[in-house]
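Consider the two complexes below, in which chain A is the common component and chain B and chain C are the respective partners.
== the complex of A and B ==
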């Protein structure tokens, strides 16, 4: 197992240590500059915009994804195993489609003269310039949900399957309605699982970038300018100082969530 | 009443499922359309004429011209296809060589600092690529690997995600089995190969299926670490094809998703197992 650990150390741990060191240094040389880089990052307008957009994205997507996938999982779990497998295949399929393969489709869908506007026109609604206005945010949310619905649905299904059937039967005998069964039995019993799913989805949502990048490149419409775009652009500008400080800040924030996730794994 | 509810949920699931899977169908049909037909449907998008782009479910005049052009007349597609394959398989091979033993050792032996290392694995797999981008760049630069396929393969081979996943599965193997094998005189390496490997096979496959799908679509890494166009993977090449060649682009996109589709079709069971492994205690 040593080579494996060594490799992880060489490619991730040691260099990240170096980045932490650099985050306290001036870009040009070796001069120590304390928290200056951090101050620059936090006062940077682009950083604020990107952080705000990322937070907004997470806050919109997360509840939407969780509720939609739970709904689908609840509906799907009533069916026989064979049908369930078919449904699962359909919703998991986007995981097997490389983002690059759907770029053209996405451009066709959301172009000013694209499919979506065509459909809207058919319904008598005026067209939207999806990629160059705030509507780009909706496109990003849509892409994220499309890609991750199956993943989260599988997590919910696993949680639902862990509730023993006998409990439902007993409740049915006592005359509990399905809404009552859901709120009084299912939700409390899968509560520890809910927390885990929330944290996993949260962490996954930081990884949405491929779709956004492919649809709109390095400088997308302002509302979907995410931290990931910012880091890429800092990288292209060789702003090593800002990037180092930014990486450390982001790693700390995500580390916090990972700590929470680890706590919920341990509680069970 | 109950029956109506069931019918309704079946309909809802079917419709949303079909919508989710529709892009696959779209790419398939589009790749069978000739440029004339696509020009008519997509004119407003390609040539910015008035009106809106339209679509037909099935091609009116199906043609294999796009496919023929792809096979016979676009060496660059194959070149980049093999780049993608080399990167994906290279990463998987690396994880097999390094990640697998690491996961086994971590799961079965009381190594010093094991908990700390486990937490580090989780943290590293959760970090978005952009956070570790700078550090990866600095290392690759020092090792002189930038602008080679190794720049993508080497960090990917040591991705901690598969270590984490395999670790979870290895932990599920009861200690008694290993104990009895030891009493029967099996060496530690033998135990790993004869018992750990077959019993953890589903975990290994889960990790590989998930990683295959992930690596095949890689964009961020090659984008920053590989400047030479001849080393690009497919995922950077596809978006570059111009709109005028829509049929060809759709055909390329479709062919490019066949390998992951195949892996998905064969390994859906493992994919699901891999997804849940992160959320449920074995």
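== the complex of A and C ==
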């Protein structure tokens, strides 16, 4: 355990400790400034917009991903081994596509003169400027779901496989219907898995920035302006003080969310 | 006990091995002992200061005066007796001179020769020479022969016609005179030997070699051989029979593909022969090199980074080898001035400079290289290390480069001097990255006079953290018949629009980007506010640009972007379409008004020339509210500079007339340097064909006192720097192009720019 802890300390804990330290210092001269950096960050309109967009993205994407992937997993669990392999491969494929290719695909699909608008035009629907209107948010959500659906489904499948078949057989003999079996047997038994999947999906949701950044640059349409855009721009501006305070706030929020989630699971 | 002894022996023998290895390592980089390769000073792989400062010996550069009467060199060569023979014209290109130096270019004896119109001189080993004209007409095909004693004779060159060149028919591109034989390259880019034997007055041209299939650009004599600079690299030929010498792959690779200017016999690399037959020396922008035929390496004798020849705009004429410690290079600088540099090996000088100054720039430029070269020349003990963020050799973007720079700064490894063009200067000032340089700027103003309206535009609360060395601005040039054009963007656009009378186009067909860059340069200061952007003012500029763009109804493909069309017009440095290029359309009767950039004194001389030829006038673009200028090469001193004194002296020198005199683009902030530039413009003429196919042109002359006063008043009237922010400028140009080309509505464009700028500012 010690080598692992050492690695985590060197690469995560100590650097994060420095970030916490810097969040109480001025960038110029490194003088102690108390909570000034935090006050600056909370009064910053860009931070508020980015935080709002990030929270909105997580709140929309996370439930959507969990439900869709669970439904797919339930469906796939009934397939034969051969069909399941094909099904899993098909849904895992997006994860194997490099970000640069995904970006190219995005542009081909969602450009004003792209394939999606071409299809809409064919159906007599007026075209949409996907990347420069509020529709950009929907594109971002779609991209996240498309990329992570297969992986999350695999996680669910692993959870479902851990439920003993005998329990289902006993329930069937007792006359339990499908819905009752799902809510009374499946969900309670895969409950430890749900915690892991939620945390992994939450962390994965922050990785969607890469595609958004590569497609729309530092200043995308305002609905997809995320915290990572802001941190990236603050670094370009050498606003280390604001970046440190913002990072600490973000870490606290994620920590709090995961803590509450863990507490809920423990209580049950 | 025995086990302990065995263990002890193992430890001791291990330590011995380590010690032996450590002793052997320095030998790898120690003095070269191999024959013919003991000239080593520093290696080709970059230069860094030597912390130990132990190694000694380096080539030091001295610039020598050119022969007093010669301002244009036709040809030069070191002869067998060690003298240098040079042929050239005086500044009026009237008198032809032969100059001979017996002491490696330090003193010259000049004699005037019979008048003739020649474009190049091929000098032989014995000092004799063949001077060749343009050869475009029968009368112009005489070869003027000068023997070592100065006796002259003529031979008429019997040239064959080359198809595809119309009236030009044929001319000599290059010539080499060696062992009494004259070799020439004509427009067909083949090598010919000219028969000069006997008493014949007609020199017939015989194709010299068929061994080279590719095009030959130039030829150089090389110790009984001929070096042919071809499109595929350098080939060596025997002068006796035209056969190819055995290829030396190492040398061929080191010489690379030679870029040359076929008009003036100047090269990006110049080879010469050494003392023995199998030694070759060559010079390029990376330095001076030595190679022995068949050897597996090429030795770098002098590092170009420390010399004037490191300037990428320098072109080479001749490399003269005297012995292993003395070289002379004849070259042309970026202004076309003839230069002579002497290199002498100083065994006592440290192998690499003892001090190092780091200068960071997001992008490299000729001006920066010229400044660095000038500083190094005046400080031979200092190595100026240029750190370039975006070299163009990889896919590093401006953001990547800035992130890397910020990381270095935070780690305490930042540069000493920053070129702030494209960098977040305001942020660096706010974070205390830059030091106050107000005192040096004030001192420079008191010593020589600066355009303080430019330099003090950046002064805040008495402190000055950045100073531009050069500047330019956007303007208009118009036909006298249409009268003055001035006012706000809307008024300017309306005035130009009113000139549309169905009688030909109004404007030169420039691209959307050229219009947008001009309007950004002129108007961005007007739409900048404390909290973001003034949308109505932004909209007015965009609408004005759109009006002008749509006025003549050109397709985008018909428009000029001027990209890569001259020294001033590259997008990376925000110079995009100079006004005189646009005014060429006016002079040829294809436009009435030109919009673009005043890129420097030479540009204004062109405008005066155009107005002399076809009456007109020029002024600032939208100079009603703000008379905006674009800063160029803004320097900042790092507050954490490792050698603050050295960094200060770099900035101080950059502000002096001496430092500025090395720079060749844009207007100087130093008044003395600016006045020198105005007076020292070399006269030349430009011609083009008009709308009716007739030839038309104009003369460019140095500015008269009256013109200089007029220009000075214009420069002094500039009062606001443009909004020098890479992010805002990219948004304006990027979204603006969509609007001008009809891909986006006006409202969407203004909204997109305003929202993003608002977001950017609020960060």
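One rule holds for everything that comes next: the second predicted complex is superposed on the first by the 238 of 268 C-alpha atoms of A that agree within 3 Å, B and C clash if a C-alpha of one lies under 4 Å from a C-alpha of the other, contacts with A are read in each partner's own complex, and residues count from 1 in each chain.
Just so it is clear, a residue touches a chain if its C-beta (ideal position, glycine included) is under 8 Å from a C-beta of that chain, and two chains touch if they have at least 3 such contacts.
None of these values were measured; they are calculated from a predicted model.
Looking at the shared chain after the overlay, A:100 reaches chain B, while chain C stays out of its contact range. In the superposition on chain A, contact of A:194 is made with neither chain B nor chain C. In the superposed pair of complexes, A:62 makes contact with neither chain B nor chain C.
When the shared chain is aligned, chain B comes close enough to touch A:16, but chain C does not.
In the superposition on chain A, contact is made by A:222 with chain C only, not with chain B.
Of the two partner chains, chain C is the only one that A:45 touches; chain B does not reach it.
For chain A, the partner touching the most residues, choosing from chain B and chain C, is B. Looking at the shared chain after the overlay, A:132 reaches chain C, while chain B stays out of its contact range. When both complexes are overlaid on chain A, the residue A:235 reaches chain B and chain C alike.
In the superposition on chain A, the residues of chain A contacting both chain B and chain C are 235, 240. By the touch criterion given at the top, residues 6, 9-10, 12-13, 16-18, 20-21, 23-24, 26-27, 42, 44-45, 48-49, 51-55, 97-106, 111, 117, 119-124, 126-139, 154-155, 157-158, 160, 163, 213, 216-217, 219-220, 223-224, 234-239, 241, 243, 246, 249-250, 253-254, 256-257, 260-261, 263-264, 268, 271-272, 275-276, 278-281 of chain B touch chain A in their complex.
On the chain C side of its complex with chain A, the touching residues are 399, 402-403, 406, 409-410, 424, 427-428, 430-433, 727, 731, 743, 748, 752, 755-756, 759-760, 762-763. If you check the complex, the residues on chain A that touch chain B are 1, 3-5, 7-8, 10-16, 18-19, 72, 75-76, 78-79, 83, 85-105, 107-108, 111, 113-115, 117-118, 121, 127, 146, 149-151, 154-155, 158-159, 162, 193, 196-197, 200, 203, 206-207, 209-210, 213-214, 227-228, 231-232, 235, 240, 243-244, 247, 250-251, 254-255, 257-258, 261-262, 265, 268. By the touch rule above, chain A contacts chain C in their complex via residues 27-29, 44-46, 49, 112, 129, 132, 218-219, 222, 225, 230, 233-240.
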